[in-house]
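Each of the next two complexes has subunit A plus one other chain: subunit B in the first, subunit C in the second.
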Partner chain A sequence: MSEPLLEVRDLSMTIGGRRRRRTILRDVSLRLDAGRTLGLVGESGSGKSMTARSILRLLPAGARTEGTVRFDGASLPDLSPAQLRRVRAHEIAMVFQDPRAHVNPVRTIGDFLTEALVLNDGVAAAEARDRARAGLADVGLSEPDRRLDQHPHELSGGMLQRVMIAAALLARPRLLLADEPTTALDVTTQSEVMAIVDELRRELGTAMLFITHDLELAAAVCDELAVMYAGEIVERAPAAQLVSSPRHPYTAALLAARPSVERRRARMATVGGRPIAAYEAGSGCSFAPRCPHAEERCRTAQALRPLGTAEVRCCRAEELETAAAERGEEAVR
Partner chain B sequence: MTVNVERNLSPPGVDLGRFPSRGRARALALARHLGGLVALLLASSVVVFLSLQLAPGSPESVLFGQQQVPDAVREAVRARYHLDDPVPLQYLNWLAGVLQGDFGVSIAYQQPVSTRIGDAAATTVLLAGYALVLILLVGVGLGALAALRPGRVDGLVTLLTGVAVATPTFVAATLLLSYFAVELGWFPVYGPGTGLLDRLWHLTLPAVALTIWAASFVARVTRAAMREQLAGEHVETARARGLAERHVIRRHVFRNALVPITTVAGLQAAGLIVGTVVVDQIFQLGGLGQLLVTAVNQSDFPMVQAICLLLVCAFVLVNTGVDLLYRVLDPRLRAAAGARR
Partner chain C sequence: MSAVVAEGLRKVYDVRDADGRRRPFAAVAGASFTVERGGSLGIVGESGSGKTTLARMLAGLEPPSGGRLEVCGRERTGVSPGASERRRRARELQIVFQDPYTSLNPRHTVATCLDEVLRVHLDDPSRERRAERVLELLAQVGLDERHARSRPRALSGGQRQRVAIARALAASPEVIVLDEAVSALDVSIQAQILDLLDEIRARTKTTYLFISHDLGVVRQVTDELIVMRGGEIVERGATAAVLDAPRHPYTQLLRRSVPGPGWRPRRRSAERAAATNERGDHGWDA
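And now, the complex of A and B:
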């Protein structure tokens, strides 16, 4: 097997002071090949965003991590500050959820786009401006020349997110970390922005780790999906397969809770109980308290184990699969 | 997946982003600002003029006191100070003079007010400017240091500025005077000095006295503002893009913190105008403050009017300057001004 572009193995993270350390991530493992896309799906607080941040080492104060993060063979946690800056500047770019907060409000769009080129690579100001203008045209912003002299408050959220995407791709990174890039946008803008990201990413051959709580959106964009719950990955599978035949009860429950145009219901299906944070999880399966199929052996620790082309963290996955298949046959009869 | 058709967000024929002539809107906003400024200055001149009309005594009673004088002399004095004109006419005469740089004749010195004020104003402006430079250097420097070096340095700065913020200017001035001028003899005890270097030497202790409280205040606001920016999401973006820390601090932390820093620095600059009156008196610098106190004691009406008007004008101009600086520093305020048009 060839070396993956990004490999995360047994990544754990705790946060807080000496007295009360809280677990945020538990044994997260991912791999992503060059030019491919992986969707990281989960509810708020499941640790998907922290996983992306710990790859770029944008950690909150007091955070401690364990485990391996390798990018193109180099171990990211072991890099010197200067080496880490080089990786951030040229190899891995990040697009954040809220462009309004993540773009400096007192500087112009042109300044935002060109500063990395000028300060990191010593590109001449005029050339950087030309490239910024081209970048804005690539993400479909009208009148790129005028945009360069505007300030963030003069642009809509959708336009500003395009600016952030243009900025991320100007450095031609090999990996794009997209942290809910469309969550703050309205639905029509969402699909436009997603389409632009995907198109440009393909053109540049950039791999993408796409973080979202929208399972369907992730399935439409990504080659592979990983579902996170309470700071750990509970299921990983090729996108189409994960959506059509989920192996983990949590994934199945999430899929059942999707609103559908065809099936009209008086009340939408929900996952019973409330999502727990990683530090609230006991030693057994973290989803067991909410799982309709939980039994005695679910109280023991669960490992992420291969099952066909997928990986799943559930000791009853095979039984449940068979049961589902039988129910399906009955329904056909 | 292809995206070519729907790229432009605006519907055809409607350009959502274009504002009619930004330059013109900005010029209008500036004109409105300046118009307001002139109105404010005129209003203050009325208040300054009338408040002295209400004060007890009149120029003739000051000049003659209890002595008996011939009616002809009394008439001459009343004519010279236009005391028989109706008050609005007196005001207009005074204002017309002021606009030509003629503040009338000092009753106590029997000289044009403007000749007495010139030197004093120069001393005061020099003192306030000197103090402002110190306040900005020390205040912003200490605040930035505390923000960027959490732990011991931050603790020390917070402690020092905490004590200094609780020290009134007149206490600081007296302590500085007794130690550095009287005890150690490093600085002169009083007087404005002659020549620029000698003047600066004479003004150092007064300027330091004005600096201590104000700089501490500026330092605390600078620290808080920079801490807030350091935790900001746009700073995370800058770091995620691999910018060197010095660029992150300068372009994204300090630059954004300048908005609140300018607010307090502007307040301090305006406060200096009053602060110089106190320090001027303690160090006997012969500035506007000392001249004002003397003129009040002598009931020298034209002199008091002139100095009050100058102080008010300085205050208004400083505030206007800060207001204009805001718009340069924070583009969102420019938009707010434009939206009102």
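And now, the complex of A and C:
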């Protein structure tokens, strides 16, 4: 197996002061090969955003991490500030959920797009502007020339998110971290923005870590999916397989909880309670308190273990699968 | 009897265009619909389609610029209702907002928040009866005594939204307007709230007006559907029929944009041009 582009191994993270430390991530491991896409799916507090942020070391104050994060063979936590800046400028780009919170409102779109090119790459101002214009055209914005002189408030959320994507891809990064890039957008705009990301990413050969709460959206644009719950990965599998035959009861519950546009269900909820954060989890399976299939042995710690082409953190995965097959259903659904 | 009747409901704002000239802008350009008692009407559309303005007019938070609105058989278009009329209107229609973080008073316990409503609306507003009713309401939305003593910040998003629903129910309204009331919730919590809304409607025959951008959610909790775009209703019908066989190009586009098995995101410049009507590109970007 060749060296992966990104390899995260046993990443754990805690935040807070000396008196009260809180666990945010627990033993998160993932790998992503050059040009591939991995979707990181979970509900709020599951740790999906923190996983992405800790790759770029965009950590909250007081955060402590353990474990390894290797990008292209280099250990990111061990880089000097200057080296880390270089990685952020050229190798790994990030797009956030709320574009307005990540752009300077008093600078023009042109300034925003050309700043990095001029400062990091020493590109001449006129050429940087040409490249910015081309970038805006790539993401499907009309009148790119006029946009360059506009300010963020003159653009709608969908337009601004396209500007952010253009900015992220201008440096031709090898990895794109996309954190809920379409969650704030209308569904038709979401479709368009995802298509643009997908198309440009393929052209540039950029790998993508796509963070979202929407399993079906992730399945549509990713090669592989990893589902997070309470700060740990509970299932990882090829995208189509994870959605059609989930192995972990939480994945199955997530799929069942999404109302379908195709049919109405007699009842929606298959699990009670609310998603918990990592620091609320006990020593056993973190999903056990809500799991309809939990039994005595679920109270012990669960390891993420291989199961066919997937990995699953559930000691009952095989028998649940068999039981479901006997009932003629898909997995534990 | 119809719970809600809207006829040519309009809301026109004065806005400044790019050159600073004032011009009228119709956020809602004449909406007509009827919801029967115990029915559930979904209103879908993108941001800028006018659906929230419509919700605000229904709740009396925004005076209509024109048209007629009737709730529980009584005209609503008259201006400046007095105290008793406002009280009566509150018993007819309540609204639940999207964000349970800003729609509850952070200084009030859950019990106080419900009690406030009960003082005004309960037929027998004795202290004992109110306390009893607070617990009944909380039980209806799956909360208990412990939650009654909590302040909103001690509750999760899903619990807050349950409180917001309990508060709407406290006035025993005929009609509840839910404006993106489940959009901010995690899917496992959203599923619980959708079940809860179904149960409440089955039990109390409450009428819902359910405003959402989420077609899956709308399919789950509504019988009838209105699709809005640029302030106008572009399609209406039984929810299942509209979603299974959308007729208007814009509804078709909406329907196609929902991710699901086999779905691929698509650039749609050509489709967009086809779906854009003469109102120009309001509500669309680029």
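One rule holds for everything that comes next: the second predicted complex is superposed on the first by the 324 of 333 C-alpha atoms of A that agree within 3 Å, B and C clash if a C-alpha of one lies under 4 Å from a C-alpha of the other, contacts with A are read in each partner's own complex, and residues count from 1 in each chain.
What we mean here is this: a residue touches a chain if its C-beta (ideal position, glycine included) is under 8 Å from a C-beta of that chain, and two chains touch if they have at least 3 such contacts.
Predicted model, so just to flag it, every value in this text is computed and none were measured.
Trainee: Touching A:L217, do we find subunit B (first), subunit C (second), both, or neither?
Mentor: The answer is second: A:L217 touches subunit C but not subunit B.
Trainee: Just subunit B (first), just subunit C (second), both, or neither: which does A:A269 touch?
Mentor: second
Trainee: Which partner does A:A253 reach: the first (subunit B), the second (subunit C), both, or neither?
Mentor: second
Trainee: Would you check which partner chain A:I196 touches, where first means subunit B only, second means subunit C only, and both and neither mean what they say?
Mentor: After superposing on A, A:I196 lies in contact with both subunit B and subunit C.
Trainee: If we overlay the two complexes on their shared chain A, which of subunit B and subunit C does A:P105 touch? Say first, second, both or neither.
Mentor: So A:P105 only meets subunit B here.
Trainee: Just subunit B (first), just subunit C (second), both, or neither: which does A:S44 touch?
Mentor: In the superposed model, A:S44 contacts subunit C only, not subunit B.
Trainee: Given the touch rule stated above, what does A:L56 touch, subunit B (first), subunit C (second), both, or neither?
Mentor: Once the two structures are laid over each other on A, A:L56 reaches subunit B alone.
Trainee: Once the shared chain is lined up, is A:V87 touching subunit B (first), subunit C (second), both, or neither of them?
Mentor: First partner only, subunit B.
Trainee: Touch test for A:R26: subunit B only (first), subunit C only (second), both, or neither?
Mentor: After superposing on A, A:R26 lies clear of both subunit B and subunit C.
Trainee: Show which residues of subunit A both subunit B and subunit C reach, each in its own complex.
Mentor: 140, 142, 155-156, 158-159, 189, 192, 195-196, 198-199
Trainee: Spell out the residues on subunit A that touch subunit B in their complex, using ranges where they run on.
Mentor: Per the stated touch rule, the residues are 56, 58, 84-90, 93-94, 96, 98, 101-108, 115-116, 119-120, 140, 142-143, 146, 150-151, 153-156, 158-159, 164, 167, 171, 189, 192, 195-196, 198-199.
Trainee: Could you pull out which subunit A residues touch subunit C in their complex?
Mentor: Within the complex, subunit A contacts subunit C at residues 43-44, 140-142, 155-159, 162, 186-196, 198-199, 213-214, 216-217, 219-221, 243-244, 253-254, 256-265, 267-275, 290.
Trainee: Please output the residues of subunit C touching subunit A within their complex, sorted ascending.
Mentor: 46-47, 156-159, 186-192, 194-195, 213-217, 219-220, 240, 243-244, 253-261, 263-269, 272, 285-286
Trainee: Taking the complex as given, what residues does subunit B use to touch subunit A?
Mentor: 1-3, 6-10, 15, 17, 232-234, 236-244, 247, 251-252, 255-256, 259, 329-332, 335
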